[in-house]
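Structures for review follow.
You will see subunit A twice below: alongside subunit B first, and alongside subunit C after that.
== the complex of A and B ==
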């Protein structure tokens, strides 16, 4: 690709030296709090002028230390994050905030808390359903999170300050949505690999700095002469997480990934926090209901008695219908990170949903590691053969 | 015109050269071995000698199999899934389901309109692959090619409950020490492997006619067990190892014929018939 805009060069640099970037910020006086999951209300951290730093796994680093503490038959992303932390990769962190994203997620979080020495550690107990009682309970958990942050930073959280943080993060969400609109043309104006790098960078920077960079990226991508070439198919990837540019690049050897419904892609940005009198109400509802993670149980209607499978599918995956139409999706890859049970249980249902939309999908299970890439490549190419 | 398909599998490397009519004029198989990437050239040389051809007389070469990116004389790489589907469709035009059991993986493919329609693969675990049988045969001190004939003499059904290759091996030893006959144990092993592969294939729904390919298809005990599990007939090509290479050669032929029809150039690579090992992306 020629004519790379300078903002994308910044993104490239930030990805290449992500840890260095955040260490540099720390030397400027920022406090950096790590988080592992898209379900963490990052607005709370931003409201305390703390930088939320998304901890990513490292597919190139063989997992060795973590296997002393976690079962090998558990989420490789969580194991890798723990492994890297135990090896000191994240020793710049001032703290860590975790949640019950899944059972292995919770165990990895507890282990991280026990085996690292960050000055701050907080665990958010997140309910597993979207019932009103669950949202009410989750609000108390976010409130507790805010209290420990206040204690750690020595600052008081005002409603005004929290509303400003929510507004900034909502602005980031709408900018990311704008970024994804750039993949709608045929061929797309920006590649899926570039988007993964951008999202990784956003999850490294203070929110305002990220927003400024996004504005620049969007402007430059719109103006640049040449974007990605049109490949054999336009893909939607549905997965728990896909935050490694190398893996995304493999998908894009023969296809254009125009939408990635993953925690390293659009999932944390697909909608916005609603403005509520008490901002904690808006945050609780957003993180529990709007983040479409398979770990949260959803029903077509609360307390239903009669089964209505198609209505149930629509309530769980209905938001993907317009994605298929607007992004002109040729095929869907249901990409399962091995041992990710919440997403594994969703596979038959979401496959049915896409089948009802007459969209081809395939289910690929893989280890989130470099050694798994050759079999992954074969499956990707074979699927593209079936749809192109 | 001549076309070639090269299939680098985990255990065997296969080359098929076909004429412009699509008829095979050379079929060669050789062990992949530890130097598998560099040995593709040797197998190709044997194929060329057999066909009395030079490399530059082959109009287009497609490489397939998990070592497909390390064939320094190929013009294009296509997955083994698409090539198996094409090869089986050529041999059995009414085939709808292909089950291929190779050395390190098992896969099921659906054929739609003569090409790959859908697929499912298992390659993470040795259970349900040729390696499972190799390990057991080795532990029992018998040749893997004799497994089918021995198991045909079984007198009763026994269950091998472990699907893990290592634990199954332990279970076999335990059964032998209990006095169970070798014939019955082998028949039980074939049933265990067939159950695992059929369960994989049923994720796609098994539609007749069904074709079984790969080295394991040569084992009559497995074919018998698969038929029982699926509940209807299974066909096996005369040479079940070469469907991937045949499909690759047929796809090479189709590529060139389409280019001629559309008046577009056929671009071939800088072919090297030496023992060079390439890394992905060096083509």
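== the complex of A and C ==
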């Protein structure tokens, strides 16, 4: 058993616990705005003093209500989010902000807009490329988001206030990076499951409160006597999203998950918003370019008229090379949530990339249901047997 | 009407056939160009955005999405689907893409040679790949994924789609147009650099005007389809749409052919000639049809089912006067976005999702009795919002829907017998809702 840091022991990252926490904040006068994915500029919400609350799916809740609005052959995570909303489980929200994260994400977003009744709703259109003109357009979309937030909250957004919010969120990003640095030793000082719990909690709290929690957790983890035991392999998980501690725990039964490149893990925190004269420029560039979601089209050089596959792979996955080296990765799980097309298209290419690095990887798909967990466990065990 | 036509369940338009040939012509011309050492490009359907530019630069284009349907229709899809699966792509990916990825994988295996059994001579080696972010993820992720098999550059066209309410915010429309124009300037520069020649702006100007005119006539043809009996079946729509949607073939010729089609459809309307003799039920087909089993619609026609509305994504934009816009790139950007912009206000006023909203006016104007919703197992885009389409049709028009599962390419996922077995009870449902509509004050 690990020594549980006191800051972690008081966290309740379950859906129930998260809802209780935000209801408490709401009773203190906070406005709570839900957001759909890691591509939403949370700084805008923080700058208006509202709490950004990441809406989450719930694997334990059978999808029933969403069936009448989203086809079954659609992203089960998005369907689950919609299902929870339709069942009133997010009824504490004062509003919701969504984006064109992917095709199913966009469908879910527009369905949420049409079939829920939050006092505030906003959809941010997101370009598909990282070209300069796309970033300029995206900036106008973020600006429109800020305008509707201003109208909803009755507040004015000043550059100073937005810069402060950016600074606070950048601070959070660097603290999360520090947290992930604690998984680099062998054995790691903190488990992947603990990290998922912390990240889930961060996506429930006002940014400053989240930063305070991170400082405390990092301090306690560094000092604790017993961390996770060394297991048979050190894994990197690459996925669209993995924000369920129960699933992460399953991976960690026989391995140490030392890096999770997912939206429930390091992906929203791996880089920082650059300081720009107009802070919206920094935000637009960060959310379009720096969040390494497969939905965004990247290439070795913009407008290239010659293509080289190796360079193309480096431009899309190159950031993972240093992760493999620094975190001493033994194997990579490419975890695909069924019907997540942007990530599904990447599978053979990212396997090629890891193969070029001489790192073994396996592609595992599941449909985000409890019945999928037993076969998932079997496949994880088989992979660990192969690499350890 | 000839005696041969009398035997057919669907009375096809004669003007369809030369338009249908336009898409075959693109493959033939691309092959000829390739053999002559001229550039060819593979493009995803880009909704009037990149096609006029390529046309102005004399580049022959083939459409892998369309090639997927061709493989499906010729019964050759399976081997390419299997090849794609074997290469490690998940089998729930878009059927078109799986066919195309299987195709390029096979070409690589054959050291660059086109598979000998490829229909219409196959797709020639492209100079570059033109993808688009419009409608779905697959339409730009596939070309990126093809990098495994061919070192061919990719250009991804931006296709902005703001939210319905957000669209009415100050400057949103102009911001969309600005992105379109700025982006197309960059695209033209890319094409010029790749081809090593300059854009002929006068020619582009003319092509853009023709594109808009062709689509206007195509729109007007479809506006005639409210007549009872329905003069034009969906099979004619699908066969004819490529010349307008993909700008396949010579545009002047296409304009003449669509004008001929308008005359033929108008003649049918004036003389009460239906596409389905003894029309009993008028239906919507949303979204994509099972391309491998189009004869399925003949079986339904034998039961008196006439399909008078098709996929949202295939419809021409609502006509808009762009004659005052001098810059051809701006005309392209505005026309491209008109696909959505033409429908935002109605969707907002109806308080209905954009993807479901048009079906309300089509259902009403074309006096539909039901909707056949084809839930495509490998297409999130076409199937994702079918349930809301069913909801709004029932809620607003008292029109029932029948959902069948299948696929655009993968025959294994479609059970025609099962789908046909559902037709008979659905007729009773449609009959029932005729009475419900009457009681609710509807006029059909």
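The criterion applied here is as follows: the second predicted complex is superposed on the first by the 382 of 388 C-alpha atoms of A that agree within 3 Å, B and C clash if a C-alpha of one lies under 4 Å from a C-alpha of the other, contacts with A are read in each partner's own complex, and residues count from 1 in each chain.
The rule is simple: a residue touches a chain if its C-beta (ideal position, glycine included) is under 8 Å from a C-beta of that chain, and two chains touch if they have at least 3 such contacts.
This structure is a prediction, so every number in the text was calculated from the model and none was measured.
Novice: In the superposed arrangement, which partner chain does A:131 touch: subunit B (first), subunit C (second), both, or neither?
Specialist: In the superposition, A:131 touches subunit C alone.
Novice: Mind telling me which of the two, subunit B or subunit C, contacts the most residues of subunit A?
Specialist: Per-residue touch count on subunit A favours C.
Novice: Thinking of the overlay built on chain A, is A:378 touched by subunit B (first), by subunit C (second), by both, or by neither?
Specialist: Touch status of A:378: first partner only.
Novice: First (subunit B), second (subunit C), both or neither: which does A:55 touch?
Specialist: In the superposition, A:55 touches no partner, neither subunit B nor subunit C.
Novice: Touching A:386 in the superposition: subunit B (first), subunit C (second), both, neither?
Specialist: Only subunit B; A:386 stays clear of subunit C.
Novice: What is the contact status of A:114 with respect to subunit B (first) and subunit C (second): first, second, both, or neither?
Specialist: A:114 contacts subunit C only, not subunit B.
Novice: Touch check for A:307: first (subunit B), second (subunit C), both, or neither?
Specialist: In the superposition, A:307 contacts subunit C only.
Novice: Would you please give the residues of subunit A that touch subunit B in one complex and also touch subunit C in the other complex?
Specialist: 338, 363, 365
Novice: For the complex, give me every residue of subunit A touching subunit B.
Specialist: Listed in rising order, the residues are 338, 360, 362-363, 365, 374-375, 377-379, 381-383, 385-386.
Novice: State the interface residues of subunit C toward subunit A in the complex, per the touch definition above.
Specialist: Interface residues on subunit C, with respect to subunit A: 87-90, 92-94, 97, 128, 131, 133, 135-138, 140-142, 144-145, 147-148, 151-156, 158-166, 169, 171-172, 175-176, 178-179, 182-183, 186, 189-190, 193-194, 351-355, 375-381, 383-388, 391.
Novice: Can you check the complex and tell me which residues of subunit A touch subunit C?
Specialist: The touching residues are 67-71, 73-75, 100, 102-104, 106-107, 110-111, 113-114, 121-125, 127-129, 131, 133-134, 136-137, 140-141, 144, 147-148, 294-295, 297, 299, 303-309, 312-313, 336, 338-339, 341-342, 344-349, 351-352, 363, 365.
Novice: Flag every residue of subunit B that touches subunit A in the complex, lowest number first.
Specialist: 66, 78-82, 115-121, 123-124, 280
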